[in-house]
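Pasting the structures here.
Two complexes, one shared chain (chain A), two partners (chain B, chain C).
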Partner chain A sequence: MHTIYSRINNTSALLSTCLMCLVGAIAVSSYFMTTDPRGTIGVASIQVFPGNARRYVNKQQDFAFLHFNVSADLTPLFNWNTKQLFLYVSAEYTNPQGIRNDVVIWDKIVRRKEDANITITSRNKYTFRELSSTFRNIPPAHYSLKYNVMPYSLATFHSNMKGGVLGSPSSGRMTYRMSYKVVIGFLGGLLFAGL
Partner chain B sequence: MFADELKTLRRLGFRHILLQILNFASVLASGLTIWKGLGLITNSESPIVVVLSGSMEPAFYRGDLLFLTNPANEKYHTGDITVYKVPGADIPIVHRVLETHDGAKIARGRSIVASSNSQDQLLLTKGDNNYIDDIELYQGLEWLQRRHIIGKVRGFLPYVGYVTIAMNDFPQLKYALLGGLGLLALIQRE
Partner chain C sequence: MNEYIQSLLEGRIDFEGQKVVEKLARLTLIAVTAVSFILGFALQSLRVTFTLLGASVILLSLVVLPPWGAYNRHPVKWLPPIEKKPAAIS
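Let's turn to the complex of A and B:
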């Protein structure tokens, strides 16, 4: 009854129960702390250049290069159960075959509340390619800034896990047409200038 | 050393040992039932996984325990953290979805065509802590498909799974733990 073994057993059981309750309470509390942060994204330029595909040296593929600026205040997303924010810019478009594409072109991990007020001018971090290997006849893409909250403990509820589109539709979602002809013209111009 | 224990064993008799073995077996069986039941509910072959590498730091560290679901009628989106296993790889990988192409499938000859099944998706993933995407990890595949995905991360407990990593790194520990548990079950009196 009062052996060391039973004392250790009781103490550790109590401690782990308390810890579990605390973790559960934190997880549940973060479910109620919902905020609606604001942000905008503006696309400065889009250019498409042909290049070699990554795996097949002889295969040509189009790569899109994007310059954009992002400003967002994500401080309200930081509460006691926020470990980090995953902020990303994605391009969404449907190609003529009806395939719906969603491509992340840039991301950033925010770990502190002090760094959560974001103003960034950048270009795409990841290659932006089309499945059919060319951006010819591709309708305009939809660029949006999204976030993903990573909590410290236990539950990552869906609403918490996946953030929505930041900003109002007029300012946050910008649509640009990727003009293949313009780019070809631009390349041609460069070529002539070189000659 | 074990003289006392042996003596108690002899005193308790054969039926008691049988009973303890039965108890032990029922504990094992209920564990298996819970695991398989969870798998059925979440539609995932392995609803709980342990992070084995640092490729998702600082989101997940080695030893974090992840809870997965894989609803059959839900598509994956960019930003989701998925666990996938490609044929030829022996361990599942936890990485974030970088590209989704809904309604696309790979036809013969590796060409990509539109699919009539709206559930078909081509996915590309990347670890937060890696510089480039995962194509090199796909063992010759160019895209992940729905059937390669084990599930999407819905919740996690930090560091709890470190025991499994220790057991993976030192297999002796696994047998010692199992043997110790079995012995305890045998000689415990109540």
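Let's turn to the complex of A and C:
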């Protein structure tokens, strides 16, 4: 501590330790702030049309068009460590060959707490088609609303809000309660390994 | 002149000053980190946490880094030089 350089060195060394501890404490604190947000996804209609994809002009394919409404109150997910939320709708079904499919058909990024109370009527944002080119003989799909929490400090949360089972080519209107599941991300593990 | 500039750049302080600076820096940094965490948690705002921490660090570096006069009040008192040559041992 005798010269100005050694003082800068010592103080900044301690500062970096303090910062690491602070960031770690912030990450740890968000593990204790678990919430159970509620939301519903209702499917208004599912229609399947044959058509051509732009890429494969000569291939006849089935395209599914899903109209749905989503209402969810995600405000409790916004704590001090929440940067943004990634909200998405996925269609899960097992095809006759026994292969599990999980297709993301719509998503939304929620950046602010003020925008986290969501009521949306929409249709699928991304093309929904089957690899085998037809939805014939495909069992009913399970549509679910899911979200990821992206925090400022390191730990990544992945959570599910389950929707309901719906007939695949027919239409129906159903609402389901969400369940909540937290999987602590890889980066969270990295943080604790680093500390 | 060269020596003067060098002493200005180095900003040396005495032993007592070093002790004070070390204690002050350690206490302040740890306390400020704890306080900013608690305050940010209470207000649920990371902005509060890091503004408080940053402002405190700037203030602390202003107090601690320059060689203020208070850190140079206890200069080392050297013994007077011994003039006489010690007697040779026969």
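Definition applied: the second predicted complex is superposed on the first by the 154 of 195 C-alpha atoms of A that agree within 3 Å, B and C clash if a C-alpha of one lies under 4 Å from a C-alpha of the other, contacts with A are read in each partner's own complex, and residues count from 1 in each chain.
In this section, contacts are C-beta pairs under 8 Å (C-beta built on N, C-alpha and C of every residue); 3 or more make two chains touch, one makes a residue touch a chain.
Bear in mind the structure is a predicted one, so any value in this text is a computation, not a measurement.
Peer 1: Is this a clash or a fit when chain B and chain C both end up on chain A?
Peer 2: Superposition check on chain A shows chain B and chain C fit without a clash.
Peer 1: Let me test your reading of the model: by the given contact rule, A:T134 touches which partner, first (chain B), second (chain C), both or neither?
Peer 2: Neither chain B nor chain C is touched by A:T134.
Peer 1: Going by the contact rule set out at the top, does A:Y5 touch chain B (first), chain C (second), both, or neither?
Peer 2: The second partner, chain C, only.
Peer 1: Scan A:W80 for contacts with chain B and chain C and give back first, second, both or neither.
Peer 2: second
Peer 1: Per the overlay, which chain contacts more chain A residues, chain B or chain C?
Peer 2: Between chain B and chain C, B touches the greater number of residues in chain A.
Peer 1: Name the contact category of A:Y126: first (chain B only), second (chain C only), both, or neither.
Peer 2: After superposing on A, A:Y126 lies in contact with chain B but is clear of chain C.
Peer 1: Should A:Q47 be classified as contacting the first partner (chain B), the second (chain C), both, or neither?
Peer 2: Once the two structures are laid over each other on A, A:Q47 reaches no partner at all.
Peer 1: If you stack the two complexes on chain A, which partner ends up touching A:L22: first (chain B), second (chain C), both, or neither?
Peer 2: Second partner only, chain C.
Peer 1: Between chain B (first) and chain C (second), which, if any, makes contact with A:R111: first, second, both or neither?
Peer 2: first
Peer 1: Thinking of the overlay built on chain A, is A:Y152 touched by chain B (first), by chain C (second), by both, or by neither?
Peer 2: both
Peer 1: Could you state the shortest Cα distance, in Å, between chain B and chain C after the structures are superposed?
Peer 2: The answer for the closest chain B-chain C C-alpha pair is 14 Å.
Peer 1: Across the two complexes, find the residues of chain A that touch chain B and also touch chain C.
Peer 2: 152
Peer 1: Which of the residues in chain C come into contact with chain A in the complex?
Peer 2: Listed in rising order, the residues of chain C that touch chain A are 9-13, 18, 21-22, 25-26, 29-30, 32-33, 36-37, 40-41, 43-46, 49, 53, 57, 60-61, 64-67.
Peer 1: Considering only the defined contacts, which chain A positions touch chain C in the complex?
Peer 2: Listed in rising order, the residues of chain A that touch chain C are 1-5, 7-8, 10-11, 14-15, 18-19, 21-22, 25-26, 29, 79-81, 152.
Peer 1: Write out the stretch or stretches of chain B touching chain A in their complex.
Peer 2: So the residues of chain B touching chain A come out as 58-59, 77-80, 96-104, 112-114, 122, 126, 128, 133, 135, 142, 153-158.
Peer 1: For chain A, which residues are in contact with chain B within the complex?
Peer 2: Listed in rising order, the residues of chain A that touch chain B are 23, 27, 54-55, 83-84, 86, 88, 90, 97-104, 107, 109, 111, 126, 131-132, 146, 148, 150, 152-158, 161-163.
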